[in-house]
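By written order: A, B, C and D. Residues from 1 in each chain.
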Amino acid sequence: MPSIPTLSLDDAKRVIAAAEAESSTQGQPSNIAVVDAGGNLVAHVRMDGAWLGSIDISINKAFTARAFDTATKDLGDLAQPGEQFYGINASNDGRVMIFAGGIPLERDGQVVGAVGVSGGTGVQDQAVAEAAASAY
Amino acid sequence: MPSIPTLSLDDAKRVIAAAEAESSTQGQPSNIAVVDAGGNLVAHVRMDGAWLGSIDISINKAFTARAFDTATKDLGDLAQPGEQFYGINASNDGRVMIFAGGIPLERDGQVVGAVGVSGGTGVQDQAVAEAAASAY
Amino acid sequence: MPSIPTLSLDDAKRVIAAAEAESSTQGQPSNIAVVDAGGNLVAHVRMDGAWLGSIDISINKAFTARAFDTATKDLGDLAQPGEQFYGINASNDGRVMIFAGGIPLERDGQVVGAVGVSGGTGVQDQAVAEAAASAY
Amino acid sequence: MPSIPTLSLDDAKRVIAAAEAESSTQGQPSNIAVVDAGGNLVAHVRMDGAWLGSIDISINKAFTARAFDTATKDLGDLAQPGEQFYGINASNDGRVMIFAGGIPLERDGQVVGAVGVSGGTGVQDQAVAEAAASAY
C-alpha cells in the first residue's frame, strides 16, 4: 500500500516558532503558514502588527511551494513574461504565488510539506522562510 | 481618535492551546482558528488527523462569530427555514457558517475577536470552542 | 431612444441619511446601501459599531431588491423550502438575499433603484429600510 | 488588552467629501471608498456618471492600501515584472490593486484605515486620493 510522508502539527509549530524568532530578530512581523504533503494548511500565525494582506499570501506561498515542489522564488523566475510558466499565477483560483517566501520542507529527499512567509520585502520573507525550513 | 479593543497573537495561542487540550480529552481532533476584532485570521491549527474540510470551516466559524458578534450556533437557529435570517449563509461569499462551533471572544462586554472549531459533531465542536473561549 | 429612470448620488445620500436617523432612533447601528437602476452600488455606509458581516449583506439586499424589483422580505417568502423560488439564493454568485431589509425605490410606478439595510433583527432592518425608502 | 486605532464613519464622510470636491474640480467623476483599520468598508460613494467598473476598484484600492500599509501606486512599482512582488495581485482573491489611487490614512504614525479612488487616469485618481487623505 503506498503512503506519503508528511509532517505533523508539532513539526509545523516548530517550523513556525523558528520563523517567528527570525522575524523578531529582523524587527519585521510576518504571517507564517505551514501546509502538509497534501498541500492543506496545518498551522498559521499572524504576528502582532503584520500585514493583513499577508494572511492569504503566506498560506498560498506554502500551498504553491508544495503544489509544485518548488520554492516560490524559483517558480517566480519561470513565471516572468516570456518564460515557460508565464501566467501560472492565474491557475488554481489565484492561489499560486510567484514571489519569494515559500519553501518546500523535505526529509530524505522527499517533499513532505511547505512553509510560506509574508510580511516584509522579498529578501526578508525569504530569510524568514529559510530559517523556518532549517528548523524542520 | 477612536480605537477598537482586539486580541494579540499570544491571546490567540492561549485560546488555541485550551481548544487542543479539550479536543484531545474528547479524543476527536479539531481545526481551531482565532480571528481578531477586524475579523481577520490571527492563528489556526489543524490537529493531526483532523478533517481537511474543516480548515475552511474553522476559519469561517471564527469569522462569522465576529462578523455578527453572535455564536454560530445561535445564528444557526435564526437561519433555519422560515426564520428571520434564512439564507444568510449565502452572503459574504459563502463565509457565513450557521452551525455550532464559533464563539465571540469578549472582554469588558466588548467583542474583541472570535474562535472557530470544526472537526467533530456539533456538540463536540461547541464544547471545544467553549473551553477555548474560557481560556481567553 | 429608450432610457431608464434611475437615481442620483444625492438621492442615495438622502435615503441613507433617513436610514441612519431611524437606525439611531432604534439604537441599533446599521449598514445601509443604495443601488441604482442598473443594480450597481451608488453609496454605502457602515455606522459605527455595526456588524462587519452586514457590509456585504446590505449591498446585496439592495442588489436583490432591484434585481427582482421585489422586497427581499417578499422574495424570502417565495424562497422557502417547497416554494417556487426555493434555491434562488444560490444564483448570482450568492448575491441574492432572501430576508428582510431590501426594498425597491420607485418613482411614477417604476423601480429606479433599491436600498438595503443590515445590522439588526429582520424587523429592525425592515423598519430602517422603510424609513429610508420613504425619504426617496 | 491591546487595541488598534481606527477611524469613524464621520471621519470617512469627511474624507469622501474632500475627494468629491477634488473630483468635481477636475471634472472627472470618481468612485471613492474608505476602509477602517481592519480593512473593512466604512463608506463608499459613486459620483454621478462615474465608471461602474470602478466600484470594485475603489473599494479594493482602499483594502489594498490598508492590507499592506502602502499606497497602491508604490505597491504597483514593486509588482512589475521582475520586481519583488510581481504576481501579488493574484492574491487575496484578486482584491489587491496595484495602480494609483489607494492611500493609507495615518494618525500619529499609525495606519488607521485607507481611502481608494477610481474613475479617472492614474494621475487623476492619485490627486483625488491625496486630497481625500489630506482631509483626514
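Some notes on this structure:
The criterion applied here is as follows: a residue touches a chain if its C-beta (ideal position, glycine included) is under 8 Å from a C-beta of that chain, and two chains touch if they have at least 3 such contacts.
Remember, predicted model here, so these are calculated numbers, not experimental data.
Same interface as A-D, judged by over half of the contact pairs sharing residue numbers, among the pairs C-D, B-C or A-B: B-C. Averaged C-alpha coordinates put the centre of chain A at 25 Å from the centre of chain B. Put simply, the C-alpha centre of chain B and that of chain D have 30 angstrom between them. Averaged Cα coordinates give chain A a centre that lies 42 Å from the centre of chain C. Our note on geometry: chain B versus chain C, Cα centroid distance of 29 Å, whole angstroms. Across the assembly, chain D contributes residues 2, 8, 38-40 that each touch 2 or more other chains. Taken as a contact graph, the chains fit none of the simple arrangements: neither line, ring, star nor complete graph. Of all residues in chain D, only 2, 38-39, 63-64, 66-69, 81-82, 84-88, 90-94, 96 touch chain A in the complex they form.
Those residues of chain C that touch chain B in the complex are listed here as 48, 51-54, 56-57, 60, 76, 79-81, 89-90, 94, 96-100, 121-123. For chain D in complex with chain B, the residues that touch the partner chain are 1-8, 36-40, 107-108, 112.
For chain D in complex with chain C, the residues that touch the partner chain are 8-9, 12-13, 38, 40-48, 52, 55.
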